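Across the two complexes that follow, chain A remains constant while its partner is chain B and subsequently chain C.
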Partner chain A sequence: MAVTTLAGRLRTAAWLGWQIESNWADPLVFAIYSVARPLATALILMGIYWAVTGGHLQRDAFLLFYIGNAFHEYVLRLVVGMGWVVVEEREEYETLKYVYASPIGIFTYLWGRSSVKFAQATLSVVLMFLMGWFVLGLRWDLGVVRWGAFLLAFGIGLVAVVYLGFLVAGLALLLPRAAMTMNEGLAVALYLLCGVIYPIDLLPRGLQELTLLLPFTYWYEALRRFLIGHGASERLSALSDGQLLGALIAATLVFAVASHFGYLALERRARKLGRLDQTTLF
Partner chain B sequence: MSDPRSALAPAVETRGLRRTFRASRGGAEVLALDGVDVRIERGEIFGLLGPNGAGKTTLIKILSTLLYPTVGSARVAGHDVVLEAVEVRRRIALVSGGETSGYGILTVRECLWMFSQFYGVPSQIAWPRVDELIRIVDLEEQAHTRINRLSTGQRQRMNFARGFVSDPEVMFLDEPTLGMDVNAARSLRAYVLHWVREKPGRTVLLTTHYMAEAEELCDRVAIIDRGRVLACDSAPALRRQVQGGQHVELEIRTPDGAGAVLPGLGDIPAAWGAPHPERGTRTLKFRLPPDRVLLPVLRRLEEQGLLVEGVSTRETTLEDVFIAVVGRGLDEPEASG
Partner chain C sequence: MSRGLPASLVLDLRAIRARAFVRIVGSVREPAWIVSDAVFPAVGMCAYVLLYRALGAPRSYETLAVLGGIMSTYWINVLWGMGAQLYWEKQQGQLQLYFAAPCSRMAILTGMALGGLIMTSSRTLVAIAVGFGLLGVRVQAFDPALLVLVFLLTMAALYMLGMLLSSLFLLFGREAWHLCNSLQEPVYFLSGLYFPIRALGALGATAAGIIPLGLGLDAVRQVLLGAAARGLLPVRTEALILGAFIVVFFVLARMALTYLEGLSKREGRLTQRWQ
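And then the complex of A and B:
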């Protein structure tokens, strides 16, 4: 009973997400957006990388950041998307209060609503890999891929991403205007902090310690290690595979618990201030 | 699911509910609810009657777990609205009238079905219920129309139907017929009455600033003004409170047709009724206590330069109760200062 109810609610929220998304997205626009945007980022980065390394483009180093950049799509889509759900539901559809007053539970609702974002990000990632492989010549020996460990790390990291989304959703309840820019800012901060486009070893020492508290750092490293055989950071290469996975799991757990309570605190504040049904933007 | 503690508890019970809002830009803090104690039994249609800004919506928001009280507590179906919000949400539904919310891309039927799924209503129950509600709010022709193609009135009716898809124990209707055309409002009121009587234990808390709606639907009515419940009883009992004397309506010629300034009648509270611009007059209503006569009142008006063109007396209505209790008419702005 409880499980089928939960499944039904998730499915319904997911269905709504797809309806809303497929409404504005003309398939062609959708495809261009899904491919062109991440690809353009990759190419710009390639240019920067080229310039920084004085034209000695090391294929291996480029591959490392290409992979990081591809998986960063999940952070961009899911986190920004979840913050946006809150803003859009409250300000545009004016339905957020009815969702809140219903027993669906905001976590279930946001999980469901963001499934379409997950699908979009996955599409982007797959396309980027195909493009990298066939067009940019970013190939490696597929024999080194450890699928089990990769999928495990991928799944755990996604949990961390979704919990970051909850936190952003909570902020969006309180600060709708700021949340819009903050969402994107957060994604950029992770981009720079967690070793997406350069190894964390390049960060100043204090920042390195900070970044080692975040699950995303281990996530990007683990994805690379299990896909192409090695990661990007010297410091993290000291960890065995088991230690790396262990660190990812532990950091994700801590982060998820902190985000969960962080979200609840933000929601309580929003209910205190009467923000659940305020329309302030449109 | 059927928790005996919850089933026995009153539908709504509030204790010393107080809610303030922070001032906007240096203004004074707004006191939206000022110590509200109400108890609503299962099976009742309970009306909250009050002018704009009385605090009706604030109370509904607190009871539907959207807003915290500043002080005091509230229980819905036996569960605390702050501490047990999840339990409360399983048992309630909320409809705000005068609102055109909705996911524009969904059709009416899809939207109603979706909300039934948020509440976990099994499909074999949900679909027939959705279709029945669509018939009741007269949207059969629009069942497969996207919400963003609906007129404002149609959206309001859909929103009303949405509230009923989960078959809640306690239904909160916040001015459900606000701005609706007369026929639609009448049929929705009839449905509310039918819905409550159909199954024992169903409860409705309805806010309104239409006297007739409160009179027609509600088993009990609370008169609320400036965040305080000033009277609470059945409509006949409330009327008895102000009985005695006569209800007088004078048709008064107003010099500029406006008559915004209420003439002084000594200690008798009076209120303006509807203006009649075609005749250049306006109705002035008051209750004449049993120990008083009308003539001095008319003279007093004459002294103030007002010409009385017609006099009629009639039976007590809830509006008279309202004037007696609150000290002014329902549609009148508060005197400033």
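And then the complex of A and C:
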């Protein structure tokens, strides 16, 4: 497929996603809506920390978890969002069958639609960091930031996030009634499992080993390490920078391949069961 | 049941029972919703308890977070099961049936609230089991009658607020959905769901004067934890304010429903889907 054709299709899907996401409100209301939830989540962490430390927010531990919480926004927006694309298109607008009947291709369509979620997540993350820096006083020496490693880890993690989104979209195709629940559930489960707001060392044995199979665990740790100089987990601190990046790359590769073929298998099954245009909710 | 009572009251009581019945029975027919209503709030709660452990906070903070997790289940139900309910009904093409029915719309909303309260209480068992069983949080000796009183006042105030939201959302299409989404976590924060509301200072006190969740939760925490709850106001004062919330929200819900029903009929929005 010519690159220009692919780019055109991605652009169209992204434009459509933007229209669907935003056309219910004027830009200001939409912007407030987009950042209200992530900022509130960051403020909940602040409240917890404030309650424990009596208002002294500069402690290092809080910064570690604040960073994890901020980047979890990508998982929330993209993974939940890609699952929602299927739910909306099939259940609410009843247009999923037309997407399948068009030449765009479902992967391209989902990539395009997810780009809007990526933009929303990026806006939220930037605002969370600005709030942390200027309002909560969560500052650190920017000289310790290893930009190259950070950007590499960030990009690899995003690939894992998008592929998890594909898997969730596939599950949503196969399980119409449970799709909404499953979308939200996965994001919540990863929040608990991957050491977003606490080190994975606090999880019971067994669960810790499970988290080490997931790319997101290494992702959060790598983002913290390359941004502020160290991570949150004692167990993962045993890994050198190269080993941590290697683990992230390996886990992402396995995860991406599994998700890709998982999605295709789920889609085949959904077609066989006649669920691509089955409406159950609205 | 009907002897001695005015026919309209009997009809409304039947409508309340019927709507509550639908909510309770319907809620056990969809396993996926049981998981989302019961398990997800418990999972979020676990994350905050583990955060307290990571920060080395006293154990009473973990109990605060567990109680917040339990109460979050009710807030989710008030938002999505009450506030957005008429939006769902509109999307499913059933809203007009409510308006064609001979009973009062307030009776339908009351039934929805009653059913939602009962259904959600069954869901909180998961959070209670996870909090007290798995995470091992503990409370001190407490007065059960006072706990029941404070809890019921909180629930009545919350569900009255739900009835008000439901009326307001009658006019909305997709805005209802987005409003519910954007009200969830901000209210968690302003209500001090996972930390003592006192930590928010004047902001917490102001929020408690608007949203009953924070005040009710604070009262429940004080009954169960005493001084370790780091309460905002004395329990008696909080109970009185919750009582005032009930009256105010009921009156506002009634007024809003009457006004917005007329408005949405005039603007032809009652049966409009895919807004």
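One rule holds in what follows: the second predicted complex is superposed on the first by the 267 of 282 C-alpha atoms of A that agree within 3 Å, B and C clash if a C-alpha of one lies under 4 Å from a C-alpha of the other, contacts with A are read in each partner's own complex, and residues count from 1 in each chain.
Just so it is clear, contacts are C-beta pairs under 8 Å (C-beta built on N, C-alpha and C of every residue); 3 or more make two chains touch, one makes a residue touch a chain.
As the structure is a computational prediction, the values presented were derived from the model and not from experiment.
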So, after the overlay on chain A, do chain B and chain C clash or fit? They fit
According to the stated criteria, A:P199 is in contact with first (chain B), second (chain C), both, or neither; which is it?
second
Based on the superposed arrangement, let me know which partner A:R177 touches: chain B (first), chain C (second), both, or neither?
second
Determine, under the contact definition given at the top, whether A:Q19 touches first (chain B), second (chain C), both, or neither.
first
Quick check for you: in the superposed arrangement, does A:G8 touch first (chain B), second (chain C), both or neither?
first
Comparing chain B and chain C in the superposed model, the one touching more of chain A is C
Which of the two partners, first being chain B and second being chain C, lies in contact with A:I48: first, second, both, or neither?
second
State whether A:Y93 touches chain B only (first), chain C only (second), both chains, or neither.
both
So, A:G274: does it touch chain B (first), chain C (second), both, or neither?
first
Looking at A:S240, would you say it contacts chain B, chain C, both, or neither? Reply first, second, both or neither.
neither
A:A40 in the overlay: touching chain B, chain C, both, or neither? Say first, second, both or neither.
second
Quote the smallest CA-to-CA distance from chain B to chain C in the superposed model, rounded to whole Å.
8
Which chain A residues are contacted by chain C in one complex and by chain B in the other?
93
Chain B residues within the chain A interface of the complex:
21-22, 61, 64-68, 86, 89-90, 92-94, 99-106, 110, 114-115, 117-120, 162, 166
Which residues of chain A touch chain B in the complex?
5, 8-9, 11-13, 15-16, 19-20, 23, 93-95, 97-105, 109, 268, 271-274, 276-277
For chain A, which residues are in contact with chain C within the complex?
24-25, 32-33, 36-37, 40-41, 43-45, 47-53, 61-62, 65, 92-93, 177-178, 180-182, 184-185, 188-189, 191-192, 196-199, 202-203, 282
Any idea which chain C residues touch chain A in the complex?
30-33, 35-36, 39-40, 43-44, 46-48, 50-57, 61, 65, 91-92, 173-175, 178, 181-182, 184-186, 188-189, 192-196, 199-200, 230, 273-275
